[in-house]
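One structure is given below, represented as structure tokens, and several questions about it will come after.
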């Protein structure tokens, strides 16, 4: 029959109480060693590995990035007899196609020029399987599968491969001649290994409001424009101007191989930063990887076609078709930054504390089931209390003498186990 | 007065000790069932759901990706009277504009060609609201809002819409004629549904040093170049060559709809990989979604303008303007990989162990407040100890007989509740 | 000697048991207050900070995005004497180069036109250091470092800078004349500040299957096409049509500065969404930042070169070279969405519960080592049990009277500390 005043006092009393578990303090070398070893292991794991090594006290954020690139270089080709390549200079506007891309750039290293194409009818390329009509007919209006135009229906002699009969097509004529295969001219026609590219990269870690860029450690204009990336030099490994042949070599490829059929190279700029250190230690790391592997010829190399359009006097459209092999550079920016934050620290810490209970579980098993004196220890640890609705495991004569609630009236007298 | 030797022995003694909490072992069907049910629920949640189902034993990393694309296909248009489209073939260099983009490609499906534009003065397009001068004047030097040129100040008759009066403008003349609306010609003029695109995708999970690419499961060149993506075939759902009409259909759209006004389709390559399995099980999943929704006409469809530039004999610049409607394909690569890692496993495990204490909290409430024999159980569980500065809730005759520190002198005699 | 039947009954008995720790319930104002304060702090941290403030009950996913852009605007230049810029109109097809990019667009603001270049020999630009041959020779066949062509071997007078001697080169001639410096013409020649760009952004949070786009809050076509972004207006801060000068201003730069030498501006679309609220509250936030900083002249500004190709009557190739300065806009989409998920909630909760044990650790230290009555409390809390292999710290006369396993035979009689 609690009084209101008593309720209030009880409520206040809650603030002046403290519950602490009662402990059996066992002094035993065997159990003690096992106990301490497990605890030390768990603490070493928690503090040494989770918190210090794996930075369990940090919060992480991924990098956001913006990239612009600029290629420089000039090359001269003088291959007499090869259309479009005898005695001419190629500069950036000629070999970087298209002039700008977001996060990528292409440098032409080899080319097949078909200079004066006009719309009309001509013989299809005999290396295209669907164009051959020795054993089948040419269906008028049907596009040539993997070919250059639409079949007119006529089956004519090939001007390139005597003896072959190919479908006549309506297309930009004359069609591109692949000289027997679609393989690129050998050796590569544009000597672009001395070209350089200036890669500008601005990054942000939005969660931490940190902005960085990859132009670091140079005092003035002249130094910056004359530096060249060097992964082995402490200063020049931060220079953002790269030689193309250097990139290719660091990607593990020979320049003449990749120049012939083209390829795709990934320039990886990695920003892994520990923002608990000074922000000046947040630096980029460059690595390079060749993406096109050579197992299939259609997956090896890189090429695409583009055209320049002209008009003849009479208004007819004419074009120069370029099949450009080259290196497509894709710039990928990756990385994450970590900074101290209380929540992951306490999350890991709390969870680690809970793991310490494993020591108690294991040692209890040893003490209560494995040691010689286990019944003695069990006696000290447990106070058996049988409720009125207890489940009878056995004849209770083997159990403790406490008989449950009725025993209470006799409390203070007689025997008590605990 | 601890001796130095005693201190050392005490310190060493710490390693040979073990503390285990003393337990009241209550045998009661009611409480026992509640206890075990809660424990089983928590364990089932922890092991079954968090660790096994949600892969709580794994660490995750997001995919990093590089994509290149190549379109193939040829189409013939023969629309007499439509400038630039009568009797000509369009190949890849004609309809993929620009020839390369990073992670995207455009295929023209419909076009409005304005063939011989030169810089000069002419009448603006009467469908442009700001060009109409029936009720207002043309301000010299002001650009036409959403128009094609700069007003000269003159208000003249429209050559396209008799009766309309429009501002004369300095622009590339004649201006593009939209034939009454800016809607695209119907039906779409370039039949591009049979074109194919080869999408090459190289991915990396940097944290796990795993590289994959999407050319999988084909033994040689011929097989690869002749395969076609099929989402329902176990083998061909990994073929990276897609038909454009197929992509459009899988995106839930009719090709003729999207070809007319253009559109934007997202090609999603999803790499969700479990790296605890063999890495060969790390496979891409392709899905397609149309991004431009049709609620607003300026948000529906996709078009842009580009021009080919020419020079007349006298050196005057001339251009052919193309308003190109088409499908812009954006390739998005998403996904994450998971691999076993001890830290998330133990983090989840430790936190789950801590949750087991909920069973004790709830059952304690049942035992100490709800059961009939609660005072008996409370007696067995708690040892009341009153400190010298205890807060007096009540007349202490109702409390236990332990009277605090002074009682110790009498320990060993008399009554103890324990 | 357990019987089979007894084993089964024991196993079943496990389900009807409940173990609860025995507790010392200390009533002391000092300790009680410390205890409750620590517990309240930990609970406030857990519930107030981790779960409510930092959304510890949510799971997060990063945004996946697709962007398309469309620029509109026309400008007239009438700079007599400057080639390519006297009396002509520039529209979108002229100044957006290339016509489409993925996630970026370029608007030309300043240009240097070199109109009639053909392949041949001429004098190199005297401002290029490697071209000067007053003190060194010109090596035939060597490209000019950072220059325009290949040296022929001759050293000739410069036509641009009288008195200077430069290497003769084979290149597209005449070379671009930078008028004394490579700085852009001042003021910027193309007045593009009134141009507008419509940025369409579709995003997805794949984990939650949520799709959003940035065209929100407009009822019809006319409203949408006539709105203009305004960061301070509740409605128009969601309008996806931006004025270029407005973007530049919001990026913290003066338009005339950036128009002269060009620059790189990042358009950041941030989607931070709480998906426990209605999805209509998931809205984009636009911000703008200038990326190119001015410390180095080669890192300031933005320009690139491209060319239009023509053919003369005799078939000779001719080109117009454009050095285009302008603003490169890079569209970055960032953000993450959070949604309620049971696992992070219970993970944080469980870990927080484990942290509550800190209260017990600290208060135990107070109670057992700092208070005056500490030996009394220690007595109540601990039951010392000496195993047979106990490590002897001291003469045991100071320890408790329990003598280990042999004592059990006397249990029930005599004194017990409990």
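Order of writing sets the chain letters: A, B and C. Residues in each chain are counted from 1.
As a working rule, contacts are C-beta pairs under 8 Å (C-beta built on N, C-alpha and C of every residue); 3 or more make two chains touch, one makes a residue touch a chain.
Computed from a prediction, not measured in an experiment: that's the story for all the values here.
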For the copies chain B and chain C, give the interface type as same if over half of its residue numbers appear on both sides, and as different if under half do. different
Enter the angle, 0 to 180° in steps of 5, of the rotation superposing CA atoms of chain A on those of chain C. 120
Would you mind pulling out the distance in Å between where the CA atoms of chain B average out and where those of chain C do? 15
Sites on chain A at which at least two other chains make contact: 13, 16, 21-29, 31-32, 62, 98, 101-103, 310, 313, 347-348, 350-351, 353-354, 380, 383, 390-391, 416, 418
Within their complex, chain C touches chain B through residues 13-32, 62, 64, 66, 68, 70, 72-76, 87-89, 91-94, 98-103, 116, 194, 198, 200, 202, 206, 213, 215, 218, 220-221, 224-225, 308, 310, 313, 318, 320, 343, 346-351, 353-354, 371-373, 376-377, 379-380, 383, 390-394, 415-418
Provide the residue numbers of chain A that touch chain B in the complex, in ascending order. 6, 9-10, 12-13, 16, 21-29, 31-36, 45, 49-50, 54, 56, 62, 97-98, 101-104, 106, 119, 141, 143-144, 146-150, 170-172, 264, 266, 270, 291-293, 295-299, 302, 304-307, 309-311, 313, 319, 321, 328, 330, 332, 334, 347-348, 350-355, 357-358, 360, 363-364, 367, 380-391, 404-405, 408, 411-413, 416, 418
